[in-house]
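To keep things clear, I will list the structure first and then write my remarks on it.
Letters A, B, C and D name the chains as they come in the text, with residue numbers starting at 1 for each one.
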Amino acid sequence: MTENIRVGVLGARGRMGLEVCKAVDAADDLTLVSMIDQGEELFQASSAGAQVLVDFTNPDVVMDNLKWAIEQGISVVVGTSGFSDDRLAAVRGWLAAKPEVGVLIAPNFGIGAVLMMQFAARAARFFESVEIIEQHHPRKLDAPSGTAVHTARLIAEARAAAGSPPMPDATKEEQLGARGTDADGVRIHSIRASGLVAHQEVLFGTSGETLTIRHDSLDRSSFMPGVLLAVREVRKRPGLTLGLDALLEG
Amino acid sequence: MTENIRVGVLGARGRMGLEVCKAVDAADDLTLVSMIDQGEELFQASSAGAQVLVDFTNPDVVMDNLKWAIEQGISVVVGTSGFSDDRLAAVRGWLAAKPEVGVLIAPNFGIGAVLMMQFAARAARFFESVEIIEQHHPRKLDAPSGTAVHTARLIAEARAAAGSPPMPDATKEEQLGARGTDADGVRIHSIRASGLVAHQEVLFGTSGETLTIRHDSLDRSSFMPGVLLAVREVRKRPGLTLGLDALLEG
Amino acid sequence: MTENIRVGVLGARGRMGLEVCKAVDAADDLTLVSMIDQGEELFQASSAGAQVLVDFTNPDVVMDNLKWAIEQGISVVVGTSGFSDDRLAAVRGWLAAKPEVGVLIAPNFGIGAVLMMQFAARAARFFESVEIIEQHHPRKLDAPSGTAVHTARLIAEARAAAGSPPMPDATKEEQLGARGTDADGVRIHSIRASGLVAHQEVLFGTSGETLTIRHDSLDRSSFMPGVLLAVREVRKRPGLTLGLDALLEG
Amino acid sequence: MTENIRVGVLGARGRMGLEVCKAVDAADDLTLVSMIDQGEELFQASSAGAQVLVDFTNPDVVMDNLKWAIEQGISVVVGTSGFSDDRLAAVRGWLAAKPEVGVLIAPNFGIGAVLMMQFAARAARFFESVEIIEQHHPRKLDAPSGTAVHTARLIAEARAAAGSPPMPDATKEEQLGARGTDADGVRIHSIRASGLVAHQEVLFGTSGETLTIRHDSLDRSSFMPGVLLAVREVRKRPGLTLGLDALLEG
């Protein structure tokens, strides 16, 4: 019989953290050993013997959390957003000194979202144009979302590999920001409104037709199957893993 | 028996201009007397006895066209975009000297689009948040579209009248342009992609629900009923008229 | 100082009933005096002095509940679905004997939904075609939804008043049910899928353009403002009131 | 230098047929040798030396066209809808006697549509529910569309292979047709409205999230790249080929 994985949650009283606590608690093969939120000490997690931490905190503290956990030899599943290339490089640096530790940073744990991204990458070379519209609740701190930035990167790579020409765009008079932000050559538009949860639309267009791939996450519970999968897998994948994709295909 | 209205078209070889020529030609109560495009002289229209001009040109020349037409005493229906408050003030100035002339400037001649705007104005006070997403073919020169800017203004007026508080938005880290452009306090996002024609979505949100009003114009023919209505009515409405609304309700 | 309205809830342990109990309890001007669910006796509500009952039960018991409440002189706000013309006639009959009692039956308490219906009724005469697509969670018992049937009726009345011709439809080979159900001449399509909550789209089309009005209710809390408004108003409106419309415009 | 392929078009004066004629005529490697419409004799195509026929006719005549073409040893690309299993069996029978002839029957020649179907098949096993909403202009004769039926079959096969349980659906009171038609266990809803061209949405749902794949074909020109690809490939693929998929992946 395999022993349960001992899990600590950082940001445990936040909306997502709370869901994670519930989901870990309900899973037969996981044991929730530590719930930490702001003002509380990280060493509670190591004292409690956590083998995997789940971090749904915020961009201001996540780097400190990661540095500490990696030093302790604890693997981490990260749902916090705001990872720039610089930040990723720093994490890779810390991991170099701890080759047995795994860190999985995913901009999105919804399996539907991951499929959306995989389909977007696959469709990219067949269409002249593509733009991303992401829609979230107005309490979100960053714009665009990590999922949108990640989707843009995948699309840009697929277009580059296929030798796609630049997208057509005759805009001459633009009010600042109207055309969204440019992420790897793909325009992203970030909607923020009450009543929304987490939604993303990838719009592809070519002469006479469009193909739209849309993901709607109406409930934080939709992320939990993906989070639990990552918790179970992260220790088997030392180093830095970005996104759920590898786990879904593996 | 009433005599036919004598109509000239400016921008007659453009996509919209061509449709207008066809539609005027096919209408029993209108006579197409002049088709003018760039490089051709405006006085052809006055020589031909045009009573109403329809202008689907571009922001660079429309002001000269309007000044000339008003001086000649010819009423004008304008579908060209890019009218700032300064430009509208200039037109009003020219009209002051010619009290019998009518000018109707409409950001959109689709009856569906006008209904969309009326509904948006009416819904505005019941929702905490509202954003506009407009989607057009990639040959469009301006962003956002005139329709979107006009919709934003109507929504802003309705919210101001109802004393609506500012919309919630916790964005702290924004990549330049991600949150779109701010038009009278309403965010507008402009998508440009092949395969699109002319589309606009107004998204309202409040706790737990959203209301979306979407207009899709798949074909330039959809604008023609509105253009012809304006041609028939513009001389009865001296001075400056903005939008089709008054004509629909009158 | 006005006294609080004493409210009882039928179906109090159902999903909607529970939300109503919370919302009534949280409202300063209402007092929750009775929570009744299946297997419990209605007279508990009268014993507790309920002045208004809110019924979110099911089509099998709602008629008995209404008959009893009207006889007791208690006004009722009804969110239960499945009201045929026969059922409405029965309710009107019971109310005839109790002229001081008010019953408000609303297929939908979302203010967004009511606006959707008002806009649909207003747009109806300008378009050749209109169809309704309603989407709900798979636990819903009836198809189409009450909201969809009500919307169809409003559209049909507006089209009849405007003398609209029949909608174009060349379908010759139809697999049974493909074209949806016919409600007052308007086609309704009922989608049922996990991950959905309560959504409706009204699609209008004419040559070259479509206008879509869509309402998404992501959370039962979105209905509460409408339910509380109805509770406050129902005793001022003796007899049978259908829908929130009158309350919004009054 | 390869010789041009000699192409005949059946249904040459229909909307799609006309586009095909233009597209074949404009392609450097194809020669348009015969344009046939109702009332005209098929032998014109064989007399003109057609090597490939493209059939966009209607369900009443397509079987006769196919039988004749196969007997003549001419390969056929078919866009006409309405192919039942019986009809496919008949075509296979005729082809058995002519092993060198290829017939490609595609419910949809839009590359976007084919991607939509491939993505739908791939997503199918990850979601509890899936329904198809197809939307077309009101001149369409059949409901549901061939594309929708084909999509349903692919989804059903993927779900069967994954051992997916039946979809949840608690509907107890259904107005006839509200829940659409059942195609291989997948519900299809067919919208018909002016202003539409050819659209399809595949809606997947599971707890807390939905994934929607939507294809909009706004213009018949969008089908031409797929039709020309099929014309070039059909003779290399003797026997019956269903759909563009194999051509896209090959």
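Just so we're on the same page, contacts are C-beta pairs under 8 Å (C-beta built on N, C-alpha and C of every residue); 3 or more make two chains touch, one makes a residue touch a chain.
Since the model is a prediction, treat every value here as computed from it, not as a measurement.
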{"item": "Numbering shared by both copies at the chain B-chain A contact, with half separating same from different", "value": "same"}
{"item": "More contacts between chains, C-D or A-C", "value": "C-D"}
{"item": "For chain A paired with chain D, centre-to-centre distance based on mean C-alpha positions, whole Å", "value": "38"}
{"item": "Rounded Å distance, chain C centre to chain D centre (Cα mean)", "value": "41"}
{"item": "Residue list for chain D, restricted to those that touch at least two other chains", "value": "127, 195, 204, 206-210, 216, 218, 222"}
{"item": "Chain contact graph, described as a line, ring, star, complete graph or other shape", "value": "complete"}
{"item": "Residues of chain A touching chain B in the complex", "value": "59, 82, 127-131, 133, 135, 138-144, 167-183, 187-196, 203-210"}
{"item": "Chain A residues touching chain C - in the complex, by the definition given at the top", "value": "195, 197, 216, 218, 222"}
{"item": "Chain A to chain D touching residues, read off their complex", "value": "110-113, 115-116, 119, 122-123, 126-127, 204, 206-223"}
